[in-house]
Amino acid sequence: MKISADMAPELEVGRWFNTPTPITLAGLRGRVVALHTFQMLCPGCIAHGLPQATRLHTMFTEKDVAVIGLHTVFEHHAVMTDEALGVFIHEYRLGFPIGVDLAGSGDPVPRTMQKYALRGTPSVVLIDRAGRLRLSQFGPIEDLQLGAVIGQLLAERGLASDGRQSD
Amino acid sequence: MKISADMAPELEVGRWFNTPTPITLAGLRGRVVALHTFQMLCPGCIAHGLPQATRLHTMFTEKDVAVIGLHTVFEHHAVMTDEALGVFIHEYRLGFPIGVDLAGSGDPVPRTMQKYALRGTPSVVLIDRAGRLRLSQFGPIEDLQLGAVIGQLLAERGLASDGRQSD
Amino acid sequence: MKISADMAPELEVGRWFNTPTPITLAGLRGRVVALHTFQMLCPGCIAHGLPQATRLHTMFTEKDVAVIGLHTVFEHHAVMTDEALGVFIHEYRLGFPIGVDLAGSGDPVPRTMQKYALRGTPSVVLIDRAGRLRLSQFGPIEDLQLGAVIGQLLAERGLASDGRQSD
Amino acid sequence: MKISADMAPELEVGRWFNTPTPITLAGLRGRVVALHTFQMLCPGCIAHGLPQATRLHTMFTEKDVAVIGLHTVFEHHAVMTDEALGVFIHEYRLGFPIGVDLAGSGDPVPRTMQKYALRGTPSVVLIDRAGRLRLSQFGPIEDLQLGAVIGQLLAERGLASDGRQSD
């Protein structure tokens, strides 16, 4: 787990599911963002990452915590297509917005995954109300620990984008 | 759960994974056969059916119980291709033989699934040493119950193909 | 796991719960007996042994499989009393007959546990229709494996008490 | 779940386990306190409450979160004695401090349980750095939710005992 305080890079998404309009991190300022990156044929994502994202999405109101899935395909690109992802989202009844990370040029690793230097799937990224990257975890993270970090970020109510606390 | 005593129809398989040569039920006479049918994007198959098939494959010797997977795609054919299945088998480290049920002509339901009148995935089919269909269950079946039926079939050691017990 | 074919020693029980009359193995001839030994303050018994006994009791009819609990207290005798066991059985809603293994004289290990040479709790003992000891397992045993052995014993329908198969 | 901001009543404990000296809430000011109340023969406590308390104890440092068990016996007093509790704590390898709630006079419900108006076991109580009662939950609470509240309480770093935030 890496905890930092740099601004989180903007998402680079080709296609969105479960949202009428594209989502940007800039548009989510003031809320805590939980970004779950996955691949649809990654067993750890199905066993741990996506069920945890669903629990987050159920437990917190959207105005407090925005839960976003990101399909970061870095292997087997031929079969983990957007069409296949659409079926996967339907079959697993995933209800939160899910974006497809834009393919890299000449690199199997897609762009957002590169910018966040994520090592694989599943990964969880937490972004605070001010848009700063606060947690980036590759592999399973326990609910109790994830909840505690989210709770701390939620408590930072008036954080300005320059890091000054305004209340 | 349906228990019957008719001969099990032969498998109709287009492509095999995890076996050097095609498998026929006829070639498995004398062994109990546990057939697990699934679709790679079926949540219940990943949560229940395939882990149970793996436990069977681990627990019994192959000369007693032949565990066979059958990919019975009856929906979303465009994305549950043989190529995608190959990736799925690799990622989930499935070690038992898996066949692809042959596409039906003018029918989304593939041929073996039709012949066995299976209602969906996951399904478990048990075939006795004499090649007779003894159990066909759609949906989850508990390990204790599945084990008990397999144990009973294993105990029928000298069953001839006409149903007479020879010992 | 030890598989043998000697006659199972008779139970030595001081007090019974969940049965109007005392139970003897002799009185259960013709049925498969699943004996689950436990201590009420043994974590493995609560996590594995007793839930498995409850599943057995739910899944099989009593005329096929007699599920019996045996409280084999070999440590902390002062607090795992009959009165405490009664509360435990009530709180855990255990529905199958449970006997209290008779205290040994000058030995912390109770009598039935001694006669079966059980190494601890939880243990599972399977006795066939003819009253012979067929399986004795200390520690967890998987449902699939336990079910398979029970299925095999159930298939021995006409076993006479001298071991000759009568059908 | 009830969230309030009154001062948490002091514990009334007869005997402590796993601590060299008695613990008081007054002595824990500045730390978040997670109080897990249980009865040793309560199935929900063993399945949910105590494993969660152990996870809390493992995950957070003691200077941040003080995890305390409280044995609130309100039924079957004759068998859930201090001696029996000692065996239970040993067998379940519980590592956090555990107190025995003092018996009420002429009331089966013990004193601390009465003062907190707890409805049964298991219950979780959270007390903030300033000694105020912030959460009281009867029955299971999800790790994600419990973690989030703890995280929020941890973020209140400079809270004075009168509720003014000092930083």
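Going in written order, the chains are labelled A, B, C and D, and every chain counts its residues from 1.
Convention: a residue touches a chain if its C-beta (ideal position, glycine included) is under 8 Å from a C-beta of that chain, and two chains touch if they have at least 3 such contacts.
Values in this document were obtained by computation on a predicted structure and should not be read as measured data.
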- subunit D and subunit A - chains in contact with each: none
- Query: By label order, what chains touch subunit A and subunit B together?
  - Reply: none
- For the copies subunit C and subunit D, give the interface type as same if over half of its residue numbers appear on both sides, and as different if under half do. same
- Of the other chains, whose C-alpha centre is the longest way from the centre of subunit A? C
- Starting from the mean Cα coordinates of subunit C and subunit D, work out the distance between those two points in Å. 38
- Task: Averaging only over C-alpha atoms, locate the centres of subunit A and subunit C and give their separation in whole Å.
- Result: 51
- Item | Multi-chain contact sites of subunit A, meaning residues that touch two or more partners | none
- Task: Report the topology of the inter-chain touch graph, choosing from line, ring, star, complete and other.
- Result: ring
- Message: Output every touching chain pair, sorted by label.
- Response: A-B, A-D, B-C, C-D
- Item | Parts of subunit D lying in touch with subunit C, wherever the complex brings them together | 41-43, 46, 76, 78-81, 83-84, 87-88, 91-92
- Item | Complex contacts: residues of subunit B adjacent to subunit C | 52, 55-56, 59-60, 142-156
